[in-house]
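Look at the two complexes coming up: chain A is in both, with chain B in one and chain C in the other.
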Partner chain A sequence: MNGWMGKIIQIDLGSNRQQALPVTPETLRRFLGGRGLGVKLYTDLCPDPLDPFAAENALIFMTGPLTGTVMTSGRYQVVSRSPLTGTICDSSSGGSFGAVLKSAGLDGLVIRGRADHPVYLFINDGGIEVRDAADLWGLNTQQTQKAIHERTPAKTSVACIGPAGENRVPFAAIMNDRDRAAGRGGMGAIMGSKNLKAVAASGNRAVVIADPEAYQAMNARLDRAVDKNPVTGKSLQVLGTPVLVNVINAHGMFPTRNFRSGVFNDAEGISGEKIAETLLQRQSACYKCPIGCGRTTKTRNRQGEGPEYETVWAFGAQLGISDLTAIAEANYACNELGLDTITMGSTIGCAMELHEAGALGEKMLWGDANRLVGWVQDTACRRGFGAELGLGSRRLAAKYGRPELAMQVKGMEIPAYDPRGAQGMALSYATSNRGGCHMRGYMIMPEILGHPVFLDRFSTAGKPEIVALFQDIAAVVDSAILCRFLQFAMGISTFSEMLRAVTGLDFSDEELLTAGRRIYTLERLFNNRAGFMRADDTLPPRFFQEEFQTGSSRHRRVRLEEMLDAYYAVRGWDAQGAPSAATLAELGL
Partner chain B sequence: MAGTVTVRFYALLRRQLKTAAIEVEADGGSLLELLTRAEELAGQGFLDELLDPGNELLTGTIILVNGENVRLKDYLNTRVRAGDTVDLFSPAGGG
Partner chain C sequence: MIDLDKETLVKMIDHTELSAHSGEKKIANLCGEARSFGFYTVCINGGYTRYAFEKLQGSGVLVCTVVGFPLGAGTPTAKAFEAAEAVKNGAAEIDMVIHVGALRDRKLDLVRDDIRAVVDASGPALVKVILETCFLTDEEIVSGCRLSVEAGAKFVKTSTGFGAFGAFPDHVRLMRRTVGPDIGVKASGGIRNFKDAWRLIRAGASRLGVSSSVAIVEGLSLYKFAPAAWLEEEIPCHFCPSRFASIDKQPKAVYAYYKKKCQSCPHLEPFNKFYE
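Coming up: the complex of A and B.
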């Protein structure tokens, strides 16, 4: 087979029984791999929503048809039902783990059941071994990776959890290649619930390329395209993702102190420009990535990777903190303990507003950089007030009687773009299948950054169509699997060209966009079954009721009602947000 | 007409020019005229990081006048006056 390895294994950790899951060529073509095929497998295996921590729940690691081939193809996706949101969830991570898992012979690994003691999986050239991990339980993610490297062949790649995952914190991450995270949605907590400390992979199998000549020529051309593009060839390399701090702040939509201002007065002090002058040691890159947006950084006492833009915001402006060292060290702590930085920071900010409003006795003060790392550690270990921060913002704010102070959608915390500053982004947040996430349909690209075309951020006209299109393209990229940042330099026609060269199938742009729509709709179907309907496609009331008084997004509110019906119509969903019978028939679902 | 316009540099522009902002004498003219004078003051060319040879904004270039994107105003003909702030971002991205 070209592109795919032709093998998906299911392992039950309760019985250690393994079985191959057959997938037809037609299913591969319709769902590609990664997120799409993962969601297809998940919804076939667990059609009725299960408690995410139930033993029978499936946790699925996926590679894609492009994994291990073209540029940025080291990534993998993890699919399950999120313990944070209750929605379907897939989480993506870079590094090289995806490419190595595929070189071990797998398109996917489905994990079910619960081991009766801590274990890790060692996958070597198609075989899977369940190994004891009793002595690894309690170790942080870096110690775990190091320990497993010592007991496995050279070039083994490890995806693992830290204490946060072991303790089932619902926003625990899976970490691989030291500091790369499948961060959002708590996939790490599901690993913990299965007593699964890590998945280690090693192998030598090559992906068979259908058309090696076209493939070579294409790669050379794409290398030049990435190099020539000012974002992928320069900005991301020199300044990384935190370059956005000043961009978004200048647009008055850099969420500050739990989204009560769109301008952070100390933005310069935590900007990408500043990080490049202070913490940055060098850039780093994932497998076969000519961009290299990663930041290897150092504070006086510590070193590690990041912080990325979202993290600079979550531990910075969101909390009124402008101390870059504290932000970087909180980021290092999240990586080591295995926590999603966005939910962590946003939840701390929520607690700060709860305290300020008199609803929470615990002294949580804006700008308190000294206690930041302690809060992260306590959350991972569920100690003291950390046990409450470990609820995530929605459950925390509800517990203290002020649910409207959680800046979340469907239980997932909204990241670093205030939706009042970009109407398309607002619609994208509201309709995202995994909750408040920017990656389902990154409308900041056209609305702020002007890629591939510039759109008026305050207009709602045409946004439903474009949001749906961006969501569908993102589903394709996550299923192929590629890095989203390639989208600054290339679009869907390049992705279909890559898939043609690698798989030999005659994918057209249109077929891929339909696949994206199919995947998005299948995710929606699951969410409908889990109880998510129109009323859940919304945002916290703050965004409809409160206006900023300063900055260039002042006097604006989200106008979701102007867009939601049209969005459902574009999607072929009914007024309650459920896909119509005709839509399902058209997509073959 | 007395007074100046503050021109602020961000992203790679700032690294290239090694300065975060300059003050440019305002004459009430167009943005393009102002930027051309800013280039002289900065002592080195930077407009080719923002514009193509035909003076169209490059994909991804962001220019804000008082926080508003000039693509939604009069583009490079946007009038700039004393006391205004012009923010220049060479193409940047992240996520």
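Coming up: the complex of A and C.
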């Protein structure tokens, strides 16, 4: 089989029973792999929404047809129902774990049931072994990886949870290759609920390439494209993702103090440029990645990975903190404990505003850098006020009677782009299938960075079509699976060429985008069944009611209602946001 | 609607790499991309003409070499020598920079002779004249176009990419109106994506000088999936030279000229209303 390994295994941790799940060639072609095939498998196995922590709930690790082939193809996706949002969720991570999992012989691994004691899975050349992990329980993610590396062959890659996942914090991450995170949506908590500490993979199986000549030519072309593009060839390499701090701040949409301002006066002090001047030790890169957006950094006391842009924001501007060392060390703590930095930082910001508003007694003050690492540790261990922070912002704000102060969509915290500064981004957040996420349809590309074209960020005209298009492209890239940054250097036609070269199937641009739309619609169907309808495709009231008074996004509000009906029409959904029968028939769902 | 296919678009592109710091690897990549996409030429500095010519043997992609670049203020003799040397090394097209200072001083004979010297020295190679529109008023642009045609050039071109700003539809439209349908108009500088390119093509550009060529071609493939949305009506100020006028980078008279144009522009009021 070209591209795919032809093997997806389901393992029940309760009984240790393993079975191969058959997938037809037609299904592979329609859902590709990664996020798409993961969602397809999940919704087939768990058609009715389950408690995410129920033993029968499925947690699915997926690779894609491009995994282990061209540049940036070390990624993997994890699919399940999110304990943070209740929506379908897929979480993506870089590093090399995806490529190694595939070299171990698997396209995917479906985990169900609950072990009666802590275990980890060791996958070696297609075989899966359940191993005892009692002595690993309680270790942080780096200690866990180190311990498993000592027990497994060289070049084993490990994806694991830390204390946050063990304690089922609903935004616990899965960490791999030291500090790479499948961060969003709490997939780590589901691992914890299954008593599954880690998945380790090792193998030597090569991906079979259908057209080696075209594949070589494509690799050379990708090298040139990435090198030439100013984002992938320069900005991300030199400054990492925090290059965006000054850019987004200059656009007046760098959310500050729980989204009450779009300009952070100390942005320069937490920018990518400042990190390069102070903390940066070296650039780091994922599997076969020529970009290398990762930052290995060092503070006076610690060394680690990051922070990347969203984390700089979450522990910086969102909290009114301009102490770069504190931000970096909070990030290290999240990596070690296994927490999503965006939800963590945004929830602390929500608590700070609750305290300021008099709704929360706990003393949470803007700019308090000294307690930041402590809050992270307490959250992971669910101790003291950390148990409250561990609820996530939606549940926390609701508990204290001010639900409007949680900056979330469907329960997932909105990241570092204020939607008042980009109407397309607002629509993308509101309609995202996994909640407040920038990666479902990254409208910052056209609205701020001018790629592939510059769109007026304050206009709503044409945005429904473009948002749907970007969401569909993202679904394709997440299913193929490659790094989203490649989108700066290449378009959909290059992705279809790559898939043709690797799989030998004659994918057209149209077929791929239809696959993206099919995946997005299938996710939506699940969300509809879980109760998410039009009323949930919205944003916190702040974005409709309050305007910034300074900065270049001042006097702006989100105009979602101008776009939502048109978006549903583009998608072929009814007025309540449910896919129509005709749409389902067209997509073969 | 966009009535442009990929094959036509790639043949309108001079795939360009003119940075002072570009080494052989960049030029080799440029040629590789031009080969794989079938661009019309690669546009490079003279020192790489022979290298690029050899890299492109058999590909059908031509070499275009810049002359008097980027300032244009050298002597006609020096420019002519540079052009002849480039043609000898394999250049099929020459992009020369006009003597901007002489044009602004209205030393029109000098400007014409300067261009003619390059045309004569270039033999069979096609000559394009870079006006560097960012330093000129509309009247001077018209004058530069006429002098170029009189001196035997086959193309007029907007910009070097090293000036205060690059190509704008207003300038391309003016140049096309001045030279008529039989002379080429090349837009260059600041063209980063398909939408930029499409605006300039609609304004009358028959050639594009771009380094983001691959992104532009890939952009065309995206358009077909939501054409109406990509081509929503835009506020003209977003691509008007007056808005990009810079007191730091332009002669003060030219800067004042562009700002003065804003005062009588019908687009100013809706623009301000939208942004405030």
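Throughout what follows, the second predicted complex is superposed on the first by the 589 of 589 C-alpha atoms of A that agree within 3 Å, B and C clash if a C-alpha of one lies under 4 Å from a C-alpha of the other, contacts with A are read in each partner's own complex, and residues count from 1 in each chain.
The rule we apply is simple: a contact is a pair of C-beta atoms (placed from the backbone, for glycine too) under 8 Å apart; a residue touches a chain by one contact, two chains touch by 3 or more.
None of the values given here were measured: they were computed from a predicted structure.
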item: Side-by-side fit of chain B and chain C on chain A, or clash; value: clash
item: Which superposed partner A:Gly252 touches (first chain B, second chain C, both, neither); value: first
item: Touched partner set for A:Ala55, first chain B, second chain C, both or neither; value: neither
item: Chain B versus chain C as contact partner of A:Cys293, first or second or both or neither; value: first
item: First (chain B), second (chain C), both or neither touched by A:Leu45; value: neither
item: First, second, both or neither for A:Ala461, with chain B first and chain C second; value: second
item: Partner chain(s) touched by A:Leu505 [first = chain B, second = chain C, both, neither]; value: neither
item: Touched partner set for A:Leu239, first chain B, second chain C, both or neither; value: first
item: Chain B versus chain C as contact partner of A:Ala569, first or second or both or neither; value: neither
item: Partner chain(s) touched by A:Ala210 [first = chain B, second = chain C, both, neither]; value: neither
item: Chain B and chain C contact sites that coincide on chain A, given as residue numbers; value: 450-452, 454, 456
item: Residue numbers on chain C that touch chain A, as the complex places them; value: 29, 32-33, 36, 192-196, 211, 214-215, 218-219, 221-222, 225-226, 228-230, 232-235, 238, 274-276
item: Of chain B, residues touching chain A in the complex; value: 10-12, 14-15, 20, 49, 58-62, 64, 66-69, 71-72, 87, 89-95
item: Chain A - residues contacting chain C, complex; value: 217, 220-221, 224-225, 227-229, 450-456, 458-459, 461-466, 468-469, 489-494, 509, 513, 555
item: Contact set on chain A toward chain B in their complex; value: 230-232, 234-236, 238-244, 246-247, 250-252, 268, 272-273, 276, 293, 308-309, 438-439, 442, 444-445, 448-452, 454, 456, 484-485, 488, 551-552
